[in-house]
Amino acid sequence: AEVTVFAAASLTESLNEIAAAYETQSTDRITFNFGASSTLARQIEEGAPADIFFSADEAKMDRLEGKGLILKETRKSFLSNSLVIVVAADGGAMIESPKDLVTDKVKRLALAEPNSVPAGIYAREYLEKQHLWSAVEAKVVPTENVRGALAAVEAGNVEAGIVYKTDAAISRKVKVACQIPARDTPDIRYPAAVVRGSKRLEAAKAFLEYLATEEAGKVFERHGFVVRKPGSPP
Amino acid sequence: MTAQEWQIVWFTAWVAALSSLAILPVGLPAAWLLARRDWPGKSLVETLISLPLVLPPVATGLILLKLFGRRGAIGGFLHDRLDLDVVFTWRGVLLALSVMSLPLLVRSARVAFEEVDPRLEQIARTLGAGNLRVFCTITLPLASRGIVGGMILAFARALGEFGATIMVAGNIPGKTSTLSLAIYQNVQLGQDAHAFRLLGVSVALAFMAVWGSELLLRKARRKP
Amino acid sequence: MSLLLRHIRLSLGGFSLEMDAEFHGRITAVFGPSGAGKTSLLDLVAGLRRAQSAFIQLGDQVLTDTVQGVSVATRHRGIGYVPQDLALFPHLSVRENLRYGCKSGGATSPLFGFERILEILEIQPLLPRGVTELSGGEKQRVALARALLASPRLLLLDEPLSSLDLNLRRRILPYLARIRDEFHLPMLYVTHDRFETLALADEMVVLIDGRVAQTGTVQEVFSRPANLAVAGLFTVETVQPGRIVKTADDLVTVAVGSALLTAVEGNLPANTREVYVCIRAEDVILLKGGDSPSSARNHLAATVRSVTREGPFLRVEVSCGFTLTVLLTRQAGEELALETGDRVVALVKAPQIHLIPRSA
Amino acid sequence: MSLLLRHIRLSLGGFSLEMDAEFHGRITAVFGPSGAGKTSLLDLVAGLRRAQSAFIQLGDQVLTDTVQGVSVATRHRGIGYVPQDLALFPHLSVRENLRYGCKSGGATSPLFGFERILEILEIQPLLPRGVTELSGGEKQRVALARALLASPRLLLLDEPLSSLDLNLRRRILPYLARIRDEFHLPMLYVTHDRFETLALADEMVVLIDGRVAQTGTVQEVFSRPANLAVAGLFTVETVQPGRIVKTADDLVTVAVGSALLTAVEGNLPANTREVYVCIRAEDVILLKGGDSPSSARNHLAATVRSVTREGPFLRVEVSCGFTLTVLLTRQAGEELALETGDRVVALVKAPQIHLIPRSA
Amino acid sequence: MTAQEWQIVWFTAWVAALSSLAILPVGLPAAWLLARRDWPGKSLVETLISLPLVLPPVATGLILLKLFGRRGAIGGFLHDRLDLDVVFTWRGVLLALSVMSLPLLVRSARVAFEEVDPRLEQIARTLGAGNLRVFCTITLPLASRGIVGGMILAFARALGEFGATIMVAGNIPGKTSTLSLAIYQNVQLGQDAHAFRLLGVSVALAFMAVWGSELLLRKARRKP
């Protein structure tokens, strides 16, 4: 059977690798549709023929679950990520801690759109929790996605940006100035679930199971994700 | 380039070309009506036709998705009656590209039709030509420069279209992935080298279209 | 085949064409000053312009009837049109232009055949060219050929020979005359050329300012222009105000300047007193030295005022109580050896003095 | 102001224009059959077409010299051009078209003044119109006015009056003549009309197939066409092959058909034997009943073959050993009361028999 | 609508109109050169000009960002010498919209210039007009229909542009946020009601442009 997976763009490389491995041991074929989680969610809402939805944030998955578009019992979150603050690789701002974002060293801060894009939403929640948001809000340059934030830092028009740890590796012209400690960040999780109405239910479930195996986990970890141990708190 | 990349290139070239042709039967009559007839609500219709240009592509994509999805008014009918799926298939790509590039053809062709001297059409009628013959043998060839120009714009736009395509057809490798989507993805993933290679291919396709049309027009002008 | 035009009314900006006429002739010349509405009339007959009101019938077929709402589509009218602006199809070659309206039906006759038309109009070598690569006269011939090749039932020709040289005209005119004679193909022929009219047309309509100033046979119109404006179109060289002093036996005596002329009354309105006297230059004969008996009614003693050479002619102005213009062949002039100041006698026959009523 | 055209060579597809000429006249008529290269010549002088080789000088100023690489920009040539296709600016009103090249300099002269030109050309009421709302003749007048208003140093007129009625032509011709006389404004005037040429031009160039067939004064060219092709352009009705049988005292005797004619030798190449004999129809006089003494050298016994009425003239074909065409005024014809079969005498003066060499 | 939404509407209308005008001084000469002169590499230049149409908008945006960022070749110069920032300011929006809509203007204008009868320009020269005057009084007005058509396409495209804009200018509320960006965001959040209201405004703007240009052309045609 052919399983169609709607997955967040940031998972492209790891999922391609995992699918290749999976296809050597299964007769099922895996087809992907990569895009922004929000786009994928909209598509599923409009009846797109997806078998599995692999989102970059819980909010989108919640929305679909609320509408009864996924099989609740299949939903699992086995990946997470963390945020980092990036600056230009050469001559970037000297930032040692998130508090420096408030100072004059940072005149502008690039974030993925803090209302709709997961990375932006997480960053905003983090800053709010640290009571930094009100001081930083005016400096924020919202971009469409992580790549926009990185490009903005590269271009030198913003002093810093907040992106996923997995994304920071994309550009050689930026460097991680400081990691945001896992305890402070909101719970960044990548939930996956089988879509209701899937005509290849068994195959979809099988692939979803495979994604949670250790074998797949290694691939995810190689690409910078944090694999959550099964049974760790949701 | 990998086999997969070649597949994307062929698919893109083919679907973009197909969409530039597919919009002719709708676009040319519409353009002609706008150019030559006065009717109430003309400006409105003209605005509607240019909507896909005015709206952010995702919005257009969403509207198309709503209409052509299995639950949509048109998509439902097609699926139930003809067992035809549009969205997330190559047909969805064709649909998105066609809709997005239609306004470019219509406006170019409209201007071209307006510039055709009606006197020539009249004289063709005295020579016994009916409306269809006049249109095909006089109006159309005389407007050809503008129409070809519009088709090139449409083709170029089809090559570059991203927002509506990804909404309607997704980015399914080997099925709906176009050059533009692949470039986007490579850019997102920071694989600039890849992206630039594909950009090069896009540019080459566009160049061939421009150059081919130039040649075509020049030959058409020399032919007599 | 007759062409009926009834209660035509057509407005174009400040201009309006209003006419009522019927043509039974084979070729009807449409004469008139620039801007008189000749092209508008042809457009109307071809169905290319809508009139406010019109009834047009060709033979048995009603082409346009605004009252009944009839309007035969242009393509079904069977009308060949050579418009003033030629309107060749710029994207087609000469051959394709000619083939555009080509009907195989016409080819049955050698006169209407493709080859024959190409030969007469000398367009064989132009066939492969684009129409933008033609000279003005070449374009005109192609337009004419294109209209002929469509084997029409009626030909509308808007100054079709205006930019051709004499040689070509001399070939094309007899050809058109043969088409007229052998095919009974009626034509409306717009021209400013008196000789073309004489050579081809049998009937004539004169339009002035959108109104019919005169219709009739060519001879009638040329020899008896209905009014001054019409007369002015045909080089009637002498036009002088006069006053009728006597009427007797269909002959009238008119005082012009200090001279008295005898003319035929014709169809002058009763009690006309004030008239214009029109005399065509070539209708006057000059005698030198002494008056000799002649059948001409008017013998006027005159003095030569000027002699101008005009191509093959001599234009002589004499004064004989008024100024009279006379046209002589150079030969005749040389025999008379006319010099300014010479005393001569001018002979004019009574029927050749044309009277047009004038308000005093 | 003289216009020099030296080693002109211009190729256009299969056509080539090659000429060498200079014009010192005030108005030079450019004559020639359709497609002879008249328009091409004007375009070249105006700087609108590049030639393969050309040297063009107007007065003291070299306009084009392909050897030296000189080419004065069109806008600095000071040339007023009325092209055959008129080329009115379709997006401008008549007034704006006229004002386009208007120079205040010209307005100083009443003859070149705006008002005066509008009056002569009768375009006052057209001023606010768009040029698409004009009749053919109206367009032509606007184009002429536009060129005049630019106060040029040289006027190029490509059949400027071809679609105007006689009345207008008769007003415009003297006006152009006055411009010629008062402003010494030279013109190249393309026309097919012999009368326009006679009325305006003093010099003439005949182009045939892109080559100069003849240049000279108007009288010279009209009365002594250099060859058959040129003669054909001016209605020389009788053209017959003949053979010179005797030469004596500048007079030659030519055998034509069964007749012998006496002609002036002129500048025939020595030892010419085979010739064409050209006789203009209006140069022949017909006498009826008996031969009477006359100064004419050639008295030919003839039989009337046909009599055709042609406007104000009678065209009579007689046979006198060969076929001779004669043009008479209607008057003269009626006096002779010619009928087919009548025996007459045809008189032709020796200088009016024109001989053109022909290869046997 | 909220005050913030009004601000977005005004900003969008204004910057889209400005960009449609801003591209004229570059677009018209380029179009003229393409239409009237033959030079080596013409097809190449033409292809290059239509690149922003051919490439996915993000790619164009990325290239612009690289060029006009403070560390970019052009942006660096502007920042260091003129103290002018382009990216993430309204100038960035203007830049993105201009670049994205330029090809639409150029191709339309090119076709329009090609259709102008060179004979009319020649005769204007005999009337003493220099190149500039001929261009402004003959070529340009006669090509106006095509040029206005191209400007409408450009304006419409500017209203709908999304991908390049967000890359170059971000989506800074009150500063660089355009209608198109706002609609995108609403669509992504699933707030369709909001999105449709803003879509309505976009359409109204486009309608006004279409209708205004129609009126303008008609008046221009009647004027003589």
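By written order: A, B, C, D and E. Residues from 1 in each chain.
Note that contacts are C-beta pairs under 8 Å (C-beta built on N, C-alpha and C of every residue); 3 or more make two chains touch, one makes a residue touch a chain.
Since the model is a prediction, treat every value here as computed from it, not as a measurement.
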item	value
Partner chains that subunit C and subunit D have in common	none
Chain-contact steps, minimal, separating subunit E from subunit C	2
Least step count from subunit A to subunit D, where 1 means the two chains touch	2
Distance from subunit E to subunit B - Cα centre to Cα centre, in angstrom	20
Averaged-CA centre spacing for the pair subunit C and subunit B, given as whole angstrom	57
Centre-of-Cα separation between subunit B and subunit A, whole angstrom	35
Subunit C, residues touching no fewer than two other chains	85, 129
Per-residue overlap in subunit A, given as positions that touch at least 2 other chains	39, 42, 147
Numbers and ranges of subunit E residues touching at least 2 other chains	58, 62, 163, 187-188
Touching pairs - complete list by chain label	A-B, A-E, B-C, B-E, C-D, D-E
Contact footprint of subunit B on subunit A as seen in their complex	4, 6, 9, 12-13, 31-35, 39, 42-43, 46-49, 145-147, 150, 169-171
Subunit E-facing residues of subunit A, complex	36, 38-39, 41-42, 45, 63, 88, 108, 110, 113, 115-117, 140-144, 147-148, 151-152, 154-158
Residues on subunit B engaged by subunit E in the complex (per definition of touch)	43-44, 46-47, 50-59, 62, 103-104, 107-108, 110-112, 114-115, 145-146, 149, 152-153, 156-157, 159-163, 180-181, 183-184, 187-188, 195, 199, 202-203, 205-207, 210-211, 214
Of all residues in subunit C, those that touch subunit D in their complex	12-14, 32-35, 38-39, 84-85, 125, 129, 133-138, 140-141, 158-159, 162-168, 170, 192, 194-195, 198-199, 222, 232-235, 280, 282-283, 285, 310-313, 327-332
Complex interface listing, subunit B residues touching subunit A	58, 62, 65-66, 69-72, 85, 87-88, 166-167, 170-175, 185, 187-190
